[in-house]
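Presented below are the structures under discussion, each in the form of structure tokens.
Across the two complexes that follow, subunit A remains constant while its partner is subunit B and subsequently subunit C.
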Partner chain A sequence: MRASATETFPRAFTILVTATAVLAPLSLIFYQSLLNAPFFDAQKAAGLDAYRFIFADSDFWTAFRNSFVIAALMTAIAVPLGGLLAFVMERTDLAGRRWIEPLLLVPSFVSPMVLSFGYVVAAGPVGFYTVWARELFGGAPWGIYSILGMAVIAGLTHVPNVYVYASAALKNLGSDVEEAARVSGASPFRVAASVSLPLIMPSLLFSAVLVFFLGFELFGLPLVLGDPEGILVLSTYLYKLTNKLGTPSYHLMAAVAVCIVAVTFPLVLLQRHLLKNSRKYASIRGKAGRLKELPLGPWKWLALGIIGLWIFVAVLVPLSGIALRAFVTNWGEGVRLADVLTLEHFRDIAEEPTMMRGIWNTILVGVVGGLLTVACYTAIGFATHRRNDGWSRFVDYLVLVPRAVPGLLIGLAFLWVFLFFPPLTPLRSTLFSVWLAYSVVWLAYGMRLISSSLLQVSPELEEAARSVGAKRGRVSRDVTLPLIRYGLLGSWLLVFMIFEREYSTAVYLLAPGTEVIGAQLVSLWQGGAIDLVAALSLINVILVGIGLGIALRFGVRLRD
Partner chain B sequence: MAVLTVDNLHLRYGDNPILKGVSMDLASGEVVSLLGPSGSGKTTLLRAVAGLESPHEGRIQIKDRTVFDSAKKIELPAEDRHLGLVFQSYALWPHKSVKDNVAYGLKLRNVKAAESDERVKSVLDQLGLGALGSRFPHQLSGGQQQRVAIARALVYNPPVILLDEPLSNLDAKLREEARAFLRELIVRLGLSALVVTHDQAEAMAMSDRILLLNNGVIEQQGTPQEMYGSPRTLFTAEFMGSNNRVPGRVAQTRGGEARLQGDGWSLWGKLCDGARSGGDAQAVIRLEQVRVVDNGEGNRVKLPLSTSMYLGDKWEHVFRRDAMALRAYTHDALAPGEYWLDFPRERLWIF
Partner chain C sequence: MKNILAASAAALAAGIAFAQPVPQGYPADYAQTIAGAAKEGKVVVYSALDTKAAQPLIRDFNALYPNVKVEYNDMNSTELYNRFIAEQASGQGGADVMWSSAMDLQVKLVDEGHAMTYNSPESPKLPKWAVYKNSAWGTTYEPAVFIYNKRLVTGNEIPQDHASFVKVVNANLDKFKGKVTTYDIEKSGVGFMFVVQDTKYFPGMDDLIKTFGKAQYKVYSSTGNMLEKTSSGEHLLGYNVLGSYALVRAKKDPGLGVVLPKDYTLVLSRVMFIGKKAQHPNAAKLWTDYILSQRGQKMIGSDVELFAVREDVDAEYTAAKLTKQLGDTVKPIPVNAEITQYLDQKKRLDFLGHWKSTMQAGK
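So, the complex of A and B:
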């Protein structure tokens, strides 16, 4: 159907801006990786020196292997556990599921930097729980500063990523297949292992790929937990390159970035392919039968035990660690809690203008920035809504691209963009730079929120408006937009929470004026200011908690 | 004068042809039904007329305006075709009140508020919705929602109103009432309407003319009486009513008639398309045309009664010998035994 110029222009503009925002920074990374010096250096020349250097560096290969091992191990932990939790929550009659569900999602809303720090102060060599365990049992048989320790923690904290997809798939499964297994004599967990989970294999596979490439992109966790033992993964190797060489080695960083993306991008494409297939799988099975909960009987104690243990380890331990650490002057063997309680750290923060600005900026980026971001995502959503042409497919792939690029790299790339294009340079030290980078990093996530709202609008409601004489723009304004307004409000809230949580994207953009809590945590941690890290982490958790509280109060779906 | 003309329309989804050259017209003040099984292309044809599907060949003209012409590369978008469309799901906008739903088309046409209010009120009154203007769609019953959808499509006086399965969302009881209401309304307001339906009884009751679609082409078109009483093809005969079908061999033809012969029986009927002397053919007769009689004089077959079903206003019987099974209605119950069944020769079609 031919469209008039007034209809085409906004769409073309939206697609052009999106494509520029996504592709410009990535092209710059790629371009930089092919130079033998930083791009602003007058002596620069094209060449593969950067790749030659990192491929010759044994640390690079160690980091690569560590990334791979951690990603594989955490996938092996998160997928079965997430599937099992989803089965218990979705298919059985376990009491109190309504209360447990938000807790299951908590780790996905708390900054990994904060969680990792929480593990250090709670379960590190002199952490609260370690000390208590030694006092009670005479020993604490865990070491979190190791590859295995990191993989276990990463696995446990990525359970929500699997849970979300597995439970969505289980919802669409008729309960007759489970009842048949039950009647044949299978116990509830046998039913899960031999019927329910195999039937949602496409979703589990999909989330396994997801967790694996998230493992490849880990930054906060290895930065905090790998540091004491000098264990590097790809992202921390990249982050430490500057320290290692003493000079800004942009070309080397770019080469490492290209290597990371070379691994994650195929995985993102594979994931997209799997998602399409799993949808096919679901539709072949046709209408879901009626949903009848599987009675657990005495097995409920085992189910409660597994869930309780997971919540304790993945949620309570790190968060309680932070909460305690924020209110004590120091902690160690033989210290009595009552003697060391203090509010001093919060006073320090209140007296430090950069800290207060960081908190204020974080709120601003979440609330105002989040609103603007949702507006932009909505514009992109409308550019592809109900249009099945080449441009829509292009945008589909375009929004996936940032998914494959860790936030740390996108932040770095935007820093370069702001330096590379002089007209943009003044914006570099404003919050705009952070906002833009955040919006690009979370593009895929945000577009999923928007398009799931848009998909709920029946096409006939829009066709009805066209048939009575409304142009496309009017249809969007008078029918579609009013119908998705609650969905958009919910998206705003979710975007607020992930913007509060975000840390790695702002690391390279950190400058006077662009401070946000996440990036400040990384920089303070590097400087060893544990007290301030603890207090800021707690503030960060509280900000996310406020968002979570509002979401629960108004029944916003926490997952798409 | 034709208010709608469709000429040799072709449409496909990907490689899958949906419409394979459909031509039709709709005269002013006429009600035409598009009838057919699912997948026959009837809804696609309606949506193509509305501008919601893009055909790749053909021409569509509304009054004296060409809205689609593949040869001249004309394709008006849905909003410029100025038609009224009533969706199967009604598609009322849940965030607008009844009044606002109906008034939207007028607002888009920049009708002044005072005039718009008056026209909305008048159309709501005509549809018996006068008191419900400030309600929202979810506060209405299914039947009321349907009328709002009709009001919304009528309020700006489109030359043609298109209705997609207008009755299928109503429950059985309401459906017959709504059918009568709709027919009355269309006739009273002198509307030209194109109605999609998969129910042949609905099509016959509501329309002046029926277009039967089969697999993307028009199988047959005509008045309801022609479609029911003199089908030209086996498909039409089967689709329009409940039939007995008996396979046999054409033993003899004479004038427009043929004699179909089977194992121990032989019947005369009207020779239709496809049947040839000496070839295999089928005898088709509407259930209500078969009469149970007490002697063998004429076009008759004797069969034992197999079972009887009570339907309330009549009995339906199954007569069977070996593979030959026939059904017939009677007013009263029948005792077990053998009966003569009479087939009026002008009502028996041999395809």
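So, the complex of A and C:
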């Protein structure tokens, strides 16, 4: 009896803590949406006023429609392109794939705030590239401050999300069918379009749902590119409500968040369903003894062209824009670059204690926080590993929930938790609050990393240990954990990069002591300190770059 | 030997703490405030002015009162308000001093009883309109200005007053289409406050709003964005921009021009008050008095590059100089209950609704 208590206690504890961390802030949001004033206001009353207000507000519906259009368009761009890139990278003999692949994944590790800002300074109406294009060709026929512009940028920068799933599925596919098509005279692209990509349809569908749903949550991009034009999407509409009535309208913001969740959570569930199905698909694959690469022949120029163009637009343009803006005092039409070069912005950052603290905190939350986070995720992983009971299913769904809520609002909910839940109040102005919010927001992503490591340990090893009498805890500690340690190290690196990149979650948690670059960027952008935004963005990119470099050096797989 | 040294150092330090002189003209019992502040050791300031800009004030205050550390937190004015009321509700005191450009929100907090009543010895030196209920003080004198891109807007295309702003844009609609900018009044409390004041002084306001619609104006929640984009040429004209920031940038940035409107110039004054539940009340008084003092105001008018509100201060940026330049066309927004009327939800939404429909009508 006692043995079973010591066995179940750690598991029950882990599940309880996880459930509290996820559900407390979310139920607070839900509760807030049913009030007519901030929940801590003495004059609050329950009711559906908040929903009535937003449903009567034409801006809400415009924002909803824009979100939908952008999400749909970016899916339409990202899925075919991601699938095609995956085909070229996985199935053909294109040269240089080894060093192209990391480049393909770069956009998913750069903060959307940084990317968007990069597009403004690079390709905005008077961006570097726009001005150069005008000087060279007499015109620059692109407008990034439009729904279409945002959708294209979002689509291109979300290609990696499709690419990782499509390429993983293609890896599992035998090449015999493709060869059959080639022998019958189909061109490589015909093979891709008619044979390979249809075969991995479940994965493509899965990533389509993913991209669509990410599109619904876009924040940084529409904040930077859409706001000046008055183009609202749901998350920026929510942000706007902070001030629309002059005083904070938490109930309205919470109501919008609940509406967003009403759209995204079914998508998350659909995704889960599709993932299960795609695994089923993968298990009935043909047993191809070897994977033969498809010779591209002259088509390789087209393939290289597509890849090159995409890398140029999605990676080089924004990042070079940031890099350039960080070193100039001002820019625009009629400004000569050589006249305005400066290192002043970096000096300003070095002299500004809060900025330096922000940089330091960002590193800290990524390195130390990332390690702790991986430890927590691992504990949760063990709590469900190889147990097919109701609790495991509960945790499976639980970890998906935060993914459906915009990070901005989770951050706000955590601020409330830290303000009004007495045991946590002393920790409010510490980095712990940011770390906890980050860990909850990225739970779904992290758990995928951990469980894919766990699944690589084949059950007979654990069973062997159990059969000689080891208890579950002992098996986990002495068998499973040592076996997955490299997987965990890799997860640590990925979590580090994700934490460096995160921005919206910490916006409302920003206080002295909790500064992180991501939130500072939003705040500085709102405040209009563009010089500092550029310099800080560049520093952020460099931090992520260091993580990426280490990951590549040690051969960490950059995806789950 | 060591002990003696240490003891004498401690005595010296104590001596400094106690010997801190009461500023000239202050009541004698101010010594207690100073001693109390030294005991409290710090003052927590929540401010909408960013830390970098406030640095000279903090340094100077520390030179004056080395025993009082300044914990300075900058955030935007809405965030400031949100955080303050949440902290008050949760019973966790945060701010000792609130300092914000959202004048209306500050006055609202005072009216709701969140401010400490304090007879500041500096109060009598301020203009009457800048003192509210002996609890809140206007500390700066920041004009709302027009900005323009100097490379691309020249001669009589530079608007000199509100009427000519309308005229210039309408006369050169092709040039200015998509290139006029102002605050997003749904997002920026300051921007909203300015246009509410505009309706008081400028009869052609509806024409202006229509012109904004016609010119497909671009809106931002912050001053910096407007300055950046006007300087770069992405926009050409900016309306109602906070002049304190604009003038500072214009000094360094050859691309940016600033106009103080000739018919009338609105003036915003950053409002400061001490929290009723301040945990460091003496230190808060010290800080507030310092900001209102001649020394603090001089710093505001020079190194901080906002405008000093006190008339008796000589610095680069002062209310006195602005008044001399513009005469009685300067219209400071008074620190009083009138400015909070648009915090009423219905009134505010009606105003926003009127703005939107008028703007659409212009399109």
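Operating definition for what follows: the second predicted complex is superposed on the first by the 551 of 560 C-alpha atoms of A that agree within 3 Å, B and C clash if a C-alpha of one lies under 4 Å from a C-alpha of the other, contacts with A are read in each partner's own complex, and residues count from 1 in each chain.
Here is the rule we use: a residue touches a chain if its C-beta (ideal position, glycine included) is under 8 Å from a C-beta of that chain, and two chains touch if they have at least 3 such contacts.
Just so it is clear, the structure is predicted and the values come from calculations on it, not from any experiment.
*Asks:* With the two complexes superposed on chain A, say which partner A:S458 touches: subunit B (first), subunit C (second), both, or neither.
*Replies:* first
*Asks:* Return the chain, subunit B or subunit C, that is in touch with more residues of subunit A.
*Replies:* Between subunit B and subunit C, C touches the greater number of residues in subunit A.
*Asks:* Would you check which partner chain A:R393 touches, where first means subunit B only, second means subunit C only, and both and neither mean what they say?
*Replies:* neither
*Asks:* A:H273 contacts which: subunit B (first), subunit C (second), both, neither?
*Replies:* A:H273 contacts neither subunit B nor subunit C.
*Asks:* Can A:R347 be said to touch subunit B (first), subunit C (second), both, or neither?
*Replies:* neither
*Asks:* Which partner does A:S467 reach: the first (subunit B), the second (subunit C), both, or neither?
*Replies:* first
*Asks:* Once chain A of both complexes is superposed, is A:P482 in touch with subunit B (first), subunit C (second), both, or neither?
*Replies:* first
*Asks:* Quick check: in the complex, which residue numbers of subunit A touch subunit B?
*Replies:* Residues in contact with subunit B: 1-3, 458, 460-461, 463-471, 474, 478-479, 482-483.
*Asks:* Quick check: in the complex, which residue numbers of subunit B touch subunit A?
*Replies:* The touching residues are 50-52, 54, 75, 77-85, 87-89, 91-95, 104-105, 108-109, 152-153, 156.
*Asks:* For the complex, give me every residue of subunit C touching subunit A.
*Replies:* Result: residues 50-52, 71, 73-76, 78-79, 81-83, 85-87, 89-90, 92, 104-105, 108, 151-152, 181, 184, 186-189, 192, 218-229, 231-234, 252-253, 255, 342-343, 345, 348-349, 352 of subunit C touch subunit A.
*Asks:* Under the definition above, what is the set of subunit A residues touching subunit C in their complex?
*Replies:* My answer: residues 38, 40-41, 124-126, 227-230, 240, 242-248, 329-335, 348, 351-354, 415-416, 419-420, 425, 428, 508, 510-512, 523, 525-530.
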